[in-house]
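You will see chain A twice below: alongside chain B first, and alongside chain C after that.
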Partner chain A sequence: MKISRRNFVKLSAATAAAAAFGAQSLSALTDKVNLDLQSGEEQELEDKFSGYDVKYTYDSYCPSECGLEVWTKDGKVEKIYGNYADPYNHGKMCGKGPLGAGLAYSLGRIKYPMMRVGARGEGKFKRVSWDEALDHIATKIVDIKKKHGGESIIVDTGDMTDTPPYYRMGRGMGAPHITEHGSICDTPRRFGPRVFIDGKRWEPDLMRPTLVRQSDGSLKEMGYDDLPLPKYIMYVGWNPFTATRIHYESRGTVTAQIKGCKVIVVDPAMCTTAAQATANGGMWVPILPGTDNHFLAAILRHILEKGYEDKAFIDEYCTGVEEFTSAFKSYWDKTDSSNGMKYFTMEWAADKTTLSKDKIVEIAEIIGTTKPGAICWGMNGVGHRYAGYIASMLGTAINVVMGNFEAPGGTIDCNQVRISKGGNAGGGFFNGREVTRTVNGKPVTGKQKELHMDEMSDWPAGWYDVVGDHPRRILEGIEIKYGPFKGYKYPIKARFEIGGNTVITGSATWKWQEMYAARDPETGEYKLELAVSIDSLLLENALYADVILPAAHYFERYGIADIYPSAPVAVMREPVIKPLGESKTQVEIMNAITKALYEHGDTDIDPNEFWLKYTHDDIFWNEVMEPTPGVKNVGEPLPYPNLPEGYKLLGTPDSLEAGRVTIDDEKKVIHGEPITMDWLRKNQGVAVWPMAWRRYKQAVKTGSGKIEFVWSKLEEENEKIKGGPRPYGFELLEKYTGDVWDEYPTTFFWYEPPYNPANPTYAATTEKYPFQVITARVHQGMTATYANPQQGETPCDSTWWPLNREFEAEVAEWVTVGNDGSEMPKGEIKVVNKRFRRGTYCVATCSMNPDDAKAYGVVTGDVVTIENMLGKTQKNVVLVTHTIRPGVLKLPFGAGGRFSPGVGTTYQQRDYTANVNEFVDPNLLTPIFGFPGYLDIQARIVAVEKPTFATI
Partner chain B sequence: MNELLEMTEARMHVYNMLRNIFANEPTMKVLKSLSNGVLKDLSENEDVKEGVEKMAEASREIKNTRDLDELHAEFARLFLMGKMAVPPYESLYKGGKTLMGDAAVAVRKEYLEEGLQVEKLYQEPDDHIATEFEFMFFLCKKTVAALKKSGEKKAGAFLAKQRDFMETHLGNWAPQFCDKILDSTNSDFYRGAALLTKGFIEEDSRFLKEAGEK
Partner chain C sequence: MVKKYGFVIDLRKCVACYGCQSSCRMENKMPMGVNRARVGIIDTGEYPNNHRFFLPVLCNHCDNPPCVKACPTPGATYKRDDGLVLVNEKLCIGCGYCVKACPYDARFINPSTMVADKCTYCAHRIAEGLEEPACVRNCIGHARYFGDMNDPNSEISRLLAENETEVLREGFGTKPNTYYIMDNRAKLLDVSGVDER
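== the complex of A and B ==
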């Protein structure tokens, strides 16, 4: 052998180098080959699907959590289908579901624990081992707890329903405040259901197919042709065709329409649902933003004046109706000084909403004379508004007085009839733990939960936690104002955030950034001493974290989905692929953190409650399902006529069906065989229990057992605040509306929306800032999903439009690879690099009415600078369109102004797209729940830029 | 024969070093050795020489843990997080745009043929540059053992395998990877590492080709 360049590397130097770099053994590779060998069953699958392995799990691309069937090959996700066994989506997916692999294998995945090297927000991190990361966290937490107690820790569990391990972890370490994304999403929408029935989410009865007990005793899957459907549906600020939150609502609405249902969409913008409605005999009602209250009040007045209400229903199921209606009617003779008209009359509502009187009368007549039907309101309006409680209260009241609640084809509170889950697994019992604190020099003993930063302090009725106020609370500290610890003060020093992105969504964005960056003037250290982000993608929130822990993607972890079917359904999540890099599941992370705390001397942690107990994820999730389904055997037709009526049902559908049960007559509980992960594995990942209607004994959870028009929920809160200081929310209410509350309203109430042209108090602001800025989600995208470039290929409403400047991105494309003679061409989806010319890729878009555009000389593609009522300015590219009413600018939520390089193409568009939450007034927090007024924004246009060669 | 053995041993050490450079952040100990000129006479190749020099200089600039953190943060920015500036995966240079692309499965087969698999199978993409370097390191090691024991014949097969792997995998994307580093960072440490790697791969490709032609 002759080697001419044999000296290109010298052995002596190379040997020295090798010595310097250490190890000579293999590390990334191993000779212990251990490919998952095919057992008998797997071999069968292998033959059938030529190498694919099929598993059932559920999606989390959006919070709809549709059941999925995922095909993997070589350990990799190859195909994603809807799971037919899940009645929620019934084999279907929206366009995003199949794109899940784009997130799982995104280059933006966080694969290792990281620690901050630069300043918060700078985005500079180094990789560390799990041990180093845990050591840092545990050292800090133990120190913080020593100085300030567990109450100085917040655990924010983000937007998924598979987070009970984090609840357990937080409560176990002594933190009473475990929050979730639901705390900053839509809580005013839930107000009505909450106070009337202790419920949450009212949706039209549209979930089909559904299992129904037949008169011959058999159970039958019944579809759209077999069961009544709503004859009208009114969506107020709710756009289910885009916000695919309730998956069956889209297919259900279309089918109902085909069968003659009138769909009315009340929205300042012609959203997809409105467009769909108008094309099929329904209506778009382009209301002035923020006047849904006025609109619904006029409808209720009309119903009562005409005597359309269902008196028999009211007599049987309701209480306090007289007090409510008399409070409501007390306005009828009053004149509204702003327009000289009587409250809640059609003329008055027409003036406030800018709709025609005839239109409102027409709608009120439909609602008053058609049955069954449903009014449904959502986060595109009511749910994200300062005065949203009122629309929620009125919507609930109308649904009830018309007798539509729980009627076939009526409206259902999906929260009340879904499965119970969690039980002890969520660690709620830790909140009952006794703690002692020194208050005004004296030791006081009470329960962990009595140190709650909201319910025991500024937000006594902050039932959903007041995340929107976290920046202020962290900057100013907490003072306990009610209960045994009254007078006790403590700071918030640590915050865990799991799969959330509050820096973009948590209320006024800048206030969050300010909070994270704030330093203690004495020590120079960050005020919030520890910020931990647990996520699978690098979002903006992580840029402010001290430690980032890699969380398993939804294809890599476990969970139980329960949202929001109209009958009990449990859907299993289990890993279909292995966690990428060093990412871990929720149970593993809970175990790892609590173990580290224990090893650092945290005496609150009992090993038997964590890592010694949950040695496998299944053990945890089986425990989560101990209270499942947990609904009562009630309704028409009775779900289990063979079992005692009214008793609570526990266990698998098959055991209940076969009567393999034990009955506890004292507690009125029927125990079937426990439902477990293994049971679900054998049943296509899904358990379905029978549907019924008129399940009032299950759906109405108030103390009185009746639908309450005088709200005991708030009467209890009034007891709590008696003798204590006025809740902070009342101070804000007075500041923003002039209304004075000394206690919580316990029946009909009214106040006008702030920052709104319909409110004369804001006449000066309206004059200076003539536009209202409204916002809604794109494709129900969550802030992480923009990391998936495919999302940019599908326009949505008029807020996600191909108005990009030229850029390069990776996108999925269908590549045809030949035709085998069948009808469908053969091909596959490939991700390819592509240069996008201007105007070919969707970006966050501000929609603007042509009349307004003309007045400002704006054409589509121009970039406007918008200034809000607080003087904050941002830029956004404009779409001029008739789908938005004049005087309103609509921007997408979470899609613009994205400043983390981990969010894919959206990052490239940050200079000409706005993060609409930058415009939110951080102090505008609703009086009861402390929810941010995300949609109460007034603005003006201060500059218009025409695209130039430099910008395109 | 002794020359071939010596050469393969040297190459083995270099591959061992390269897999370390791209798999892990450098420790203070490594930087110290580098700043002491441990790689000084590694090769006559111009790129390698310049690379070695840059790495040595950069290593001398790392004086405390703060500096070290900054270097580690640069490693993270380039190769680890937030849409890595220079994704270290072969698939990304072969038209794929996500992790676990086609090349990951292709190299998995190559490893399996030699009785190896990625330690964290299905969790770490198989086509990470450091893993491919490690595979070459392994093949060199096998070659050395064969040369010592049974002479050139068996070694020839291992050399052929190296040549194949270089031609179908490493050799046709590592240079681009190095160029991308040069385009993406001001860090002399990683610019140096890129030059060193580029120069070495160029020489080694030639070496393997010539060894094959005998």
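== the complex of A and C ==
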């Protein structure tokens, strides 16, 4: 017998414990762990595993942030597996995670501070010391603050959940606007949950295993066979198998499907999820892009007409349903002048969506008569559309009226049940700092946050910040329109961007380039005086930076993930390898920048709030977890029957379980033992608290404590704008749709999608530009992950396909040294000059239906020139495929037209792949959140190129 | 009893994430351009009645392996008692006969070592008692299973007993040990035994 799996699992579990006392090498553990091994086996184990260290951390390959078990040897990453202790991915990894070393050791890695030497965008930099870089930043910031105040600084913290140090840094230096990638990703998707329950993302109840309290008081891990699962799931514009943003939806959906769940995928393209559904008894519903609203409205009407709604649930847990339904029903007798049909009828929806009436009725019947089930909408449609609010509102309403919200096997708002974190560490309290500004000649004192560039100015309800509008705001300047500073004007002069790439992702690329290049007519200096990029990879954004600081890669830094589980989970990140070059962790960078500011005379900086306090990253992250988990002891079954119901829970799962708590009855808080990085190290990097269902008392954070069909969130905003100017978004709404808003809608509302064939206002554009360009993420692709050359061999969704031209590139790849099964595979990552033959490597691909292809004389491999409704043209190679409906071109986002050499092999394809965000209308910003209409693009094909000897 | 290793892929659960391919590359230090574990994408039919299927493939560790017969160097490619078909890198001369002999395209010449290369069912992990290849270890759809088919209590034996399975290119007489639990494709295609390649 050799090491058994049972022993190995014990061994794995014990390594975390070992980490706590500093002995991380597996070989050092054998005598402690495998006591039941026969003599001699220990030696064998030691030989085989000699030199491997195992650590538990989490991924940032994509924002799914899966728990990892990473094996390192000689300071290098060798093996990457999922961490079984994390119920989110439960030991599993998609095609991205195992290739993490390809990113860490990418040729695009930024390892040293750099400063720009050419013009912005030219990409010419010189290596400098940290001191030199910090001196430049601090000198500029102190000068800018002196002239314009801290409000003239933006800190954009990018797309990860380990950014609280940057929030603290920004707020600490006086910047009220700390933004994140979340503001340019699917905010319309979150609209419904946000206004109905103050939530965010609704996902099917599929996360298994999960810890559930049993009737005998014990806690048991329950799996797919033990608990109810959805009987139907309808994914509208959501492709979980590809995005894997909600990791457990992959295993959960296929498992539920085998157990009889009907999976319905509404998408103009047969995405991976749709393909799997149709192969297993589900449905692909190839809807006309942008008509999800019409589709869902007809379903809701059908449910109400048939009386399918769960009246008892509505009566007990909802408020304002009557107002909502009467606003909804007020359309029922109206005739839509565009087609002469009554609004929200099946005929009307069939006409708008181009689906058959029978199909919509069939789906409405499934939803109206099957329980439990879930409707889930995502970023492939609803989430990235100008009119996406409406589908989000309708999806939320249908899930609620059918009583599926928080039902076992129903739908769960992951945001409401995930852990709280950040607390004071995030520096929110700095926003309460008193500041004085001269407004119209008079001194006015208010709070730092009352200078917010969005919420107190053009976007009063821009709760997620409005990154898509940054270029315009930087070019035009800010005027405060509400609150004490009303009338105060200031410019934006500095912008930090951390781990993001807004030049590619934040609305139209050309608009961002225009902003970075703009100069002050008087001084001749750049309007945005300081652009700082803090990242581990050289992306397009960095090409426009004045200073680039090397951030530690996710294998090299700390953090706490909260992600989107259906029960509270906290996962720890800690370095598994040393930071490469001179890169630093987030806390180190926060400390370095604030210290430099202090030394340059910035009086806002208190050393005790930064480098004197956070002398080790752990101290910061322990503070981040002070409010964790921060969920209430509510639901069925009650998570902790030994503790008072309804009280907020703080502290480690084991202390709460054992009742090692103090109870504050006044504040209704239960304090267990604080959760710390050390506690996590002893527990395989993960803390898991019990699952429960029907957590309405906790999950509904609205003013009324109920699920609100009349939205107090927006009523508050209407109070704010009373007497002030009409919000900027309302002006845009009128321009693009003709609808006039004088205040925010507070219950059901409707407007037609712009740049859409279903909207007769756009008939002329539709005639000239007959295609709709839709876009979605490629499984492998965040804009940074294209820097990993290995991702070029994993096709995806007809939009990432091996259609490359022959090219040569330097890549860092595994070189096999020895590997015949007789011993551990040996290999090392080496820089290799590699030739890629035509048709062997995936590139951004435009998928096109064969009927359209025939009409334009296009075959797979041809390169089409696409022109959008604004006259912008780009080229893209085509895949002719039945997986897309006619009249639609689908391109991936972030995959094409990439012009930073830092993305290596993907950079090589820029001449025949499109950066789809060049097609986005930068002024098309949604009326409430100011979100770019990424999928509202009409286009035509103006040229077709056939491959020639020169391009083969 | 001597073990006999086999592999089950539940096609109903593959989500085409390529985690198997990536995990194999990571585990076995594979350079780009070659893969021991792959995922095929098969399109059939015409819009809107078309279908797309995913077919993960790897070495079948056949009971009647044509690659072993094709090898001119004794012992360079061989079948073990437990069913594994392996390559001895020290003996292999890189002639490529086995690559051509394999009807599953499961073998290739590794550009780093210049000798034949293929899936080993992660034999190095088995040697350490980890009867779970890296592709199974990380599979997010729980579509991949590995184990001892001679042990009636193993998960793989249970799956084989409870489900109808198929093997690839049965007609070649290779007696593959990778079994597929099918989705509805045979029904949807209205043909049986479609050539997946």
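Just so we're on the same page, the second predicted complex is superposed on the first by the 877 of 952 C-alpha atoms of A that agree within 3 Å, B and C clash if a C-alpha of one lies under 4 Å from a C-alpha of the other, contacts with A are read in each partner's own complex, and residues count from 1 in each chain.
Here, a contact is a pair of C-beta atoms (placed from the backbone, for glycine too) under 8 Å apart; a residue touches a chain by one contact, two chains touch by 3 or more.
For clarity, every value in this text was computed on a predicted model and none was experimentally measured.
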Does chain B (first) or chain C (second) touch A:Asp315, or do both, or does neither? neither
Report for A:Gly75: first if it touches chain B alone, second if chain C alone, otherwise both or neither. first
Have a look at where A:Ala101 lands relative to chain B and chain C in the superposition and call it first, second, both or neither. both
Could you look at A:Lys124 and tell me whether it touches chain B, chain C, both or neither (first, second, both, neither)? first
In the superposed arrangement, which partner chain does A:Asn849 touch: chain B (first), chain C (second), both, or neither? second
Please work out whether A:Lys111 is in contact with chain B alone, chain C alone, both, or neither, and reply first, second, both or neither. first
Contacts on chain A seen with chain B and repeated with chain C across the two complexes: 1-5, 7-8, 101, 832
Show which residues of chain B lie in contact with chain A when the two form their complex. 1, 3-4, 6-7, 9-14, 16-17, 19-21, 23, 25, 29-30, 33-34, 38-45, 48, 69-70, 72-73, 75-77, 80-84, 87, 92, 95-100, 105, 108, 111-112, 115-124, 128, 130-131, 134-135, 138, 152, 200, 203-204, 206-207, 210-211, 214
Within their complex, chain A touches chain C through residues 1-5, 7-8, 45, 48-49, 79-82, 89, 91-99, 101, 241-242, 244, 247, 250-251, 253-255, 257-258, 270, 272-273, 275-276, 278-281, 284, 286, 779-780, 789-790, 792-796, 811, 813-828, 832, 834, 840, 849-851, 881-886
Okay, in this complex, where on chain C does chain A touch? 11-19, 21-23, 25-33, 35, 39, 41, 43, 45-48, 50-54, 84, 86-90, 110, 112-113, 117, 120, 123-124, 127-132, 134, 137-143, 183-185, 188
Touching residues (chain side chain A, partner chain B) in the complex: 1-24, 26-35, 74-76, 101-102, 105-112, 114, 117-118, 123-127, 538, 577-581, 810, 830-833, 900-902, 904, 907
